[in-house]
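Dropping the structures in below, format is structure tokens.
What follows is a pair of complexes built around subunit A, which joins subunit B in one and subunit C in the other.
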Partner chain A sequence: MSKNKRRKTYDTLLNGITYFASSISFITLLAILIFIFGKGYKLLNIDLIAENFESQGYVADLYDYARLCNCESDIAFDEGVYYSSKWGIALADQIDLLGKNVIQIIYVNPKSPLFEIRDKGIGNEPIELRDEYHIIRIAFDNYPTALSRYGAENMINYLNANDELREIEFQTKGGGIKGSIITTLYLIALTLIIALPIGIGAAIYLNEYAPNNKFTKFLRSLIETLTGVPSIIYGLMGLAIFVPITTKLTNATGGNIISGAMTLAVILLPVIIRTTEESLKVIPDDYRQASLALGASKTQTTFKVVLPSSVPGILTATLLAIGRIIGESAALVFAIGTSIKDQVSLTGKSTSLAVHIWAMMTDEPANIELSATIAIIIVLIVVILNILIKLISSRYLKRKLGISI
Partner chain B sequence: MLDNLLKIKFKNTSRGRITDKISKIVFMSATILSASFIFVIAGIIFIRGVVPFTTDNLGVGRVSLFHFLTGDVWLIGETFASNLYSIGFIILSTLFITLLSLAISFPVGVLTALFIAKIAPKPIAKILRIVIETLASIPSIVFGLFGAGVILKLVYDFSSSIGYQSKGGNSILSVVIVLALMTIPTITTISEVAIRSVDPAIEQGSLALGASKTQTNFKVVLSSAKSGIFTAAILGIGRSLGEATAVSLVAGGRRSGLSFDLLDTTSTLTTIMLEGLKETTGIDYDIRFSVGLVLMVVILLTNLMLNAIKRRVGVVHVKE
Partner chain C sequence: MTLTNEKAFHINQLNLYYGNKLALDNIDIDIYQKQVTALIGPSGCGKSTFLRTLNRMNDLISNCHVNGKILYNENDIYSSDSDVIDLRRRIGMVFQKPNPFPMSIYDNVAYGLRCQGVKDKAVLQKAVKKALVDAALYEEVKDRLKESALSLSGGQQQRLCIARAIAMSPDVILMDEPTSALDPIATAKIEDLINDLKKDYTIIIVTHNMQQALRVSDYTAFFLLGEIVEYGLTSELFSHPKNPKTEDYITGRFG
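Moving on, here comes the complex of A and B:
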């Protein structure tokens, strides 16, 4: 009796351990969601996603060696732009994404004392004042502080009235998530254009044409091996092959969207081939035979009977591919690069959303808020894609069942 | 039979014969192109990877292969002006980290799979399966972000509570936790399939002999599914070894000295590849391919070894 009881306790304990182990996954998912939504929710805003983000604020002062430049500018500025030749800087009033009045830097003369300034925060790296940064305030010794709300003209007047400044507070232009979204969309389109025909073609060959021999098996195992290659290795391949090819053929100077898409296409081939082949396998042979019996050629059968019936499978492959493209980071760090750009062109430098996160997180200081916002976008898209895939496959199965009855 | 007859008929018709041939060739070349990429990858990484060992790297000097594989300092001196790269300590710490993360993810993953397949009430199993699927589909960069935002802080607080000053939490421990969380879904999914495919006759036999449900689950079901569970572990290891961006956010980037201290910074083969990358020529560029080559060899050797062990463990009564 006591032995029985002991066993029961022991069994309960073992079962308890499985409950505990399972709870870890649950907690992990919950923690990830809470984290990204908690950190990224503030910045999640349609306008901000479509435009550029404001992200980093700095307080800086002049280096001891900085001298007033008194440089005249030969650039003709628009109306509303105020230039101080004493400081070599041009400012203008602007309205930012949040509807606030801000003072934007239009131009900084390379000889200006403000061109390279000292960060008063953490880090001793010199920071550079560039166009499109927003100036929040400039504080002087024994003189009123020039605040952004008094306008650009006022700030330039204050600057002209002083020979020294105590500190300058400004905000850099944001990371530009708009550019990364466009790049990601380009990548998705281009990768699918490259990978789908090759992948579907290969799947058709393997399922419809290939003889059942050693060579076919060999080809299959080679394609299967591709799935085990880490994505960073694909990235190296893209860097060594596709980047040089695209720089030679186009005006690209380094990693670009085309080289990134080519690399992603190679990564996705095994996924597309496998998923498409699965859907080809379940097409009843009756279809093919009926088509052939009606006098259609093999090619006609393939394109008019087999392919249309496998559309759900191809769609699933496409959705899987999109999910993978959106999430891929390691390969793209090499194959397209990490420069975050607002102006996107196929052969120019830019980066995808996932690499955007990586680039910001490896930067000092890391921008966790914006990264979390992008993570929300990525996770939402991936979850939606998953649901779509489920819907397609369940509806497809239902239809198949209906046919077989 | 009918199929063959049709084939004969189809072969004899002249109509569409040429287009059929052409389309077959097109489809076949798509297949061969897809299959050939594995050689392209292996080839290019090898060709680029041996450059630092065979040339004098634009005047910097040849890298000694032995020193590269055994040394414990990555890059002495100025970038682009040194041939003193070595990754011996990084290879060891990569293996150490992979082993530790598997020590967490393997039991957790397998027990979760057992729970979903055999123990959990249906609604809970259903929810948990969705949770696992969602976790599996979350991109690694999001895990990395989570690691950098949450796990680093936890590890930092933990280390300072025991009086240890860690570098912002960047440590072996953080890497191990992030990798373990990432590999749990992989291991769970594959183990669950293996557990489900265990022949019910074996279970019923065990129950008929008087074993309790729990005893059967732990002693009979798990050991019958061990081949599949082992496959899950192999895939988990593969994922850990190849993971790059997530790890690079929590590793801390160790440049020298082998350390197995859980709270000390570290580097893995993948993170060291991601560091810097400013130039597109010269040794600093080429050396990444050497590291990539080493990574591929490490993954290949680990897989061969694990598969050999798996064959020894053997397949037991698994319903195909």
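Moving on, here comes the complex of A and C:
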């Protein structure tokens, strides 16, 4: 009786530990999600994904012939939008994509003198003041300068108090992460193109061809060791080897997407080799024997029977690889660099979303909100790619193998 | 029953070692064409090992080596100039557990031919159909050739494996306990099939089931501890065993 009781307590204890462990991991995951959504949802909008990061700044002044328009607007503005009929411009306080307070131009009357202004820089090119630009400051001849931090209402008051203005400084909308998203997708595609064939090939060699000897064991333990090397060391290697190679062979001038993808491919190789080898191991020997007994060569057996059967495992490897590519930042800081670019090219500098977060957090002050928003986007990309690969995998299994999962 | 004396295999002083362990000891046996030869004996007696030497499947085991002669159509299959891939094309094999490939029924049967480089669709279709008809499976699967072979029942899978082997039009079919994983009805179907197939093929079957050996085979070899204790016509071996060990085994006193 007491023996039974002791066993029961023991079982309860062990079960309790497993429940506890699984709930801890679940709670951690939930906490991360709550944090990034709680912090980041405010800045989450489609403009962030679609907009450029860089903003162009202009300092402009009026043409000599420009006259005040004193034009009333027939548009009914929302609350918080201030309109100067003297200058024909409507301004509002807004939060930009980076989460900073800015004064955004809501509307410029076509008859407004501000509608046609000229760049004070080289060439005096005419510029159009568009309704999405942010005004930084407006300077007058005999009056204090209106700065953006005074707010939209004050800026309109300043404008109304003056008939002339000396110069106006404004910038285009910026802070979007379009370039970093495209870079991340480029990196995923390019890295997989490099790493999958090499990794799968190596796994096939190790599992199907390699003799069972000390050298093979040594090779395997080497690969396992590589899994544990910190990625920043791979980044240094990328900087020392792949960046010079790519700058020699292409028109790149420094870290670029190709050198980044090569570095990531090296990081991923051990993961891909291990996962693929595991999936090759579980393929029943019956298949190999049946194929060989039918007069197929070893190579035919490997590529016609063994490899197709391991596709689900290879897809799992791909999934892990994609997660790693999206999440990697330390190695990319060296292998690509941290400059955020909108014009993405394979040989140009630009950076991934994870490094984008890193750049935002090293800003002064650290931009936690935007980082959390980018984190949400990263999570969404990972989820979408996961679902996509699961779909492909289950369709393949059903079509080819007749197994439904 | 017509018995021919044309030999498919002539085996002379065959020894097989796993490392240092002798697994087949001085085997001398002639196997006749277009007959069913059953190999019986208790587990671990070497009958499956022997079967696998005939299409050199033991080559896959790293520490296994063979000496002695196996003449197949007068050619030594273990000589250095023998082509193992061609040998396996002419000597098909059916395994203990049905092992269709995870692909469609059609692709399973066409697999061997495709590996030989046959690409012509009409040729493949004809060969697949003939193999399935010969393996008595065609009527059951003719509407679902594109479906996965894994959706078939165990008995159907095993007949598919036989179809896959005979699609290569081999001379010999080796069967390693082909019914041990099947129920009695599926077993009966396979046995009927073996009776049909023996007019075209030399069949060598390993079985644990004495009744099965009696039902399907023309010749029987009794293996014990890596040696052939007795070999002869099935009818004689079962009714008048010459060796007392054979008698003990077939009457169920051990094994």
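Here is the rule we go by: the second predicted complex is superposed on the first by the 227 of 405 C-alpha atoms of A that agree within 3 Å, B and C clash if a C-alpha of one lies under 4 Å from a C-alpha of the other, contacts with A are read in each partner's own complex, and residues count from 1 in each chain.
Basically, a contact is a pair of C-beta atoms (placed from the backbone, for glycine too) under 8 Å apart; a residue touches a chain by one contact, two chains touch by 3 or more.
Nothing here was measured: the structure is a model prediction, and the numbers come from that model.
J.: Kindly classify A:Ile378 by the partners it touches after superposition: subunit B alone (first), subunit C alone (second), both, or neither?
T.: A:Ile378 contacts subunit B only, not subunit C.
J.: Looking at the overlay, what does A:Ala240 touch: subunit B (first), subunit C (second), both, or neither?
T.: first
J.: Tell me the contact category for A:Gln300 with respect to subunit B and subunit C: first, second, both or neither.
T.: In the superposed model, A:Gln300 contacts both subunit B and subunit C.
J.: Compare subunit B and subunit C by how many residues of subunit A each one touches, and report the one with more.
T.: B
J.: Give one of first, second, both or neither to describe whether A:Gln289 is in contact with subunit B, with subunit C, with both, or with none.
T.: Touch partners of A:Gln289: subunit B and subunit C.
J.: Let me test your reading of the model: by the given contact rule, A:Lys120 touches which partner, first (subunit B), second (subunit C), both or neither?
T.: neither
J.: According to the stated criteria, A:Gly201 is in contact with first (subunit B), second (subunit C), both, or neither; which is it?
T.: first
J.: In the overlaid three-chain picture, which partner chain does A:Ser309 touch, first (subunit B) or second (subunit C), both, or neither?
T.: Second partner only, subunit C.
J.: Which subunit A residues are contacted by subunit C in one complex and by subunit B in the other?
T.: After superposing on chain A, subunit A residues 289, 292-293, 295-297, 300 contact both subunit B and subunit C.
J.: In their shared complex, at which residues does subunit A touch subunit C?
T.: Per the stated touch rule, the residues are 212, 284, 286-287, 289-297, 300, 304-305, 308-309, 400-403.
J.: Which subunit B residues qualify as touching subunit A in the complex?
T.: 2-3, 6, 9-10, 13, 15-17, 19-20, 23-24, 26-28, 30-41, 44-45, 48, 107-109, 111-112, 114-116, 119-120, 128, 131-135, 137-146, 148-150, 181, 184-185, 188, 212-215, 217-218, 238, 241-245, 248-249, 270, 273-274, 277, 280, 288-289, 292, 295-296, 299, 303
J.: Quick check: in the complex, which residue numbers of subunit A touch subunit B?
T.: Subunit A reaches subunit B through residues 7-8, 10-11, 14-15, 17-19, 21-22, 24-26, 28-29, 31-32, 35-36, 39, 197-199, 201-202, 204-206, 208-210, 218-219, 222-223, 225-226, 228-234, 236-237, 240-241, 254, 266, 269-270, 273, 285, 289, 292-293, 295-300, 302, 323, 326-330, 333-334, 354-355, 357-358, 361-362, 366, 368, 371-372, 375, 378-379, 382-383, 385-386.
J.: For the complex, which residues does subunit C have touching subunit A?
T.: 55, 57, 60, 62, 85-86, 88-89, 92-93, 95, 97, 99-103, 111-112, 114-116, 147-151, 161, 164-165, 168
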